[in-house]
């Protein structure tokens, strides 16, 4: 395509008019906006004294947790769907034969590298039994890289911490009277 | 040894040889010898300067003069054109300092504004854009090194001798310089001779025609530049029109 | 006599340098605060007294910043031209400090600061170098040295972005020196002196600040000093989106700090000059009247008041600089040049001609109109401002048809025709 192509439509810039060309009005408008914001209420949250308010903890994508079922066992059935879905390859599962009669496999070890994780929530989407979920905890920190690789115990303990504030999806769906996935 | 002329002639000769050795001639041989010779020549020349009265004045003058002369020598001796320009800038600063030292405030400041602030920056632009590395042969070798060194030093020698002649002339003939008026008088009375206003009166009274002619010349150059630019634009426009017709 | 004078000069220099360095550090904090407030944030408010938990609204931040800069790794890239790379930040910093030699930071102090036996009878002028006749041109000259720091820094860095940034801002600084000079010339012509102290005392005597008498000159000077200080909307030298960091891309540590402090010093200089040349310096109606325009019979109260008034004006200008930064987008490079050469210079010339005519015929015009001369001059000034603005609006030289630049094909090449 060249510049003389008949199909090119040369679009004219909209005309500014006297007020625009004189710059004065625009200058005053710009300055007025700035001054308005200069004195307006500030939106800064002074962490850590103040906590950022998360509007809906259910849909927030923070640190992961591994849910337990009613008997306190890990809900995960080691199907590897989450590890397959994970774009960052941060989930590592070692499956073993399940000691319980109601399922075939269970995760012998389940680790998530929280430093590799991009918190996209695809694992949560992929899980057929709602075992892995993202909580609303957002300020995780550690002193070493190793410390940030969360194992099964740690992930289960996060469930214990957050289960009251954030019910699992299964519980929520039970409350609504439905069953299965809501999609 | 008491005749200053002999020392000055020797200084000139030494300086010419030293300067020639220092100039970029395409070879590094003899540069350090050149630097030593030039330094000796400068020292010898400086020893002939009259004492200025007290140590403070003397040392200020000495520093300023040394900066000016050394950086001027460096300006022609360096190979990288950008460095030459920077040394030249230092020369200008030294000259401005000497002017200020002599009480010519306006001249000092005008030197910086015109030469250091405008002309030299333009030089720098051209040097940086044209030859960023300064690697071209014609940039790295000076043109007629011997001739320029000798001519330059002879010029300096003749001037120094003339000045020494003034200094060694009988004291009675010399007019005492007028003491500068008090600051208060300067501030209130614009017509005190030392004031900048005096310079303005001189320029636009006695030398009005010269100033106007110089101004007209500069204006002509400016108009010429504008014409060249406008011509280029016109050609571009004609080309475009022709092309549009062809389509 | 020599001892107290030397002592006085040294004291003033020490005061100036200490004050300027502290001011530059705290203006960085202020800049960050205003940047935050304009964006509905709080800004730095944590660092207080070192080694304690006292916060003090974040007033300790400059100390932390300074320490951080000093202890940061100072990396010199291998491809730079070492000597000029070191020289450039020093030259811009030195030039930025040197300007303050002739800028008054008050009127005068009564002479009784020294013991009477020392015999200092004259009031102490609050300038580091009083009695420089060419003060205004000196400011101009030393200001023009700043171009070197920018151009040489960009060149020595041996980096495309730095080089482009250096050249671009070199061209900008040189271009805007002309309107700056024209703005100054109007004031100098009206007051008949190049000394900043005299320019202030004349405004104090008449009570009419130059911004009321020469509004067009004020506008030209203010815009040009924004451009000279490299502040938005003229901060092309370091337009991050285009040039990474501009001429100081390759600089780090203390050398980068020199550049940044020099930038703040330029802003302070510009504010001082605007306050002195156009806003009456230390003068404020009714507040600073005692003591005479030259400060010959000044008392302590008036002397302090004058310092406060001047510094308040400077502070207001700096706040304006900082607020404008967030109000207006950056000009494109061709617009910048168009504004400089096609709007500001003609305006400056118009103002200069108007002032020249007024100086020559003003009294007669005012007499024939039967108005007080100053009022008449102010009215003329505003008429010229409106006229100039109207002409610039009508002509609109910054409006560019940028089609010719899109020459994607050369005219002599065969053009393939595409049928529609």
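The first chain written gets the first letter, and so on, giving A, B and C; residue counts start at 1 in each chain.
We adopt the following convention: contacts are C-beta pairs under 8 Å (C-beta built on N, C-alpha and C of every residue); 3 or more make two chains touch, one makes a residue touch a chain.
Keep in mind that this is a model prediction, so the values were computed, not measured.
> Select the chain at the greatest separation from chain A, using centres from the mean of Cα atoms.
So the farthest one, by centre of C-alpha atoms, is B.
> Indicate, using Cα centroids, the chain positioned nearest the centre of all protein chains shown.
Closest chain centre to the overall C-alpha centroid: C.
> What's the distance between the Cα centroids of chain A and chain C, rounded to whole Å?
Comparing mean C-alpha positions, chain C is 48 Å from chain A.
> Between chain B and chain C, what is the separation of their C-alpha centroids in Å?
29
> Hey, how far is the Cα centre of chain A from the one of chain B, in Å?
69
> Hunt down the residues of chain A that sit against at least two other chains at once, touch-wise.
Where chain A meets two or more other chains at a single residue, that happens at 4.
> Could you check chain B for residues that touch two or more other chains and list them?
Residue numbers touching two or more other chains: 243, 247.
> Do you know which chain C residues sit against two or more other chains?
415
> Which part of chain B faces chain C closely enough to touch in the complex?
For this pair, the touching residues of chain B are 82-83, 86, 89, 96, 105-106, 109-110, 112-113, 116-118, 121-122, 124-125, 128-129, 132, 183, 186-187, 190, 194-197, 236-237, 239-240, 242-243, 246-247.
> Using the touch definition up top, name the residues of chain A that touch chain C in the complex.
Where chain A meets chain C, its residues are 2-7, 10, 16, 18, 21-22, 24, 27, 30-31, 33-35, 37-44, 46.
> Which bits of chain C are touching chain A when the two form their complex?
34, 36-42, 323-324, 326-328, 389-390, 392-393, 396, 399, 403, 406-409, 415-416, 418, 420
> Using the touch rule from the top, collect the residues of chain C that touch chain B in their complex.
Touch list, chain C to chain B: 81, 83-84, 87, 130-134, 137-138, 140-142, 144-145, 147-148, 151-152, 155, 163, 167, 170-171, 174, 177, 192-195, 197-198, 294, 404, 411, 415, 417.
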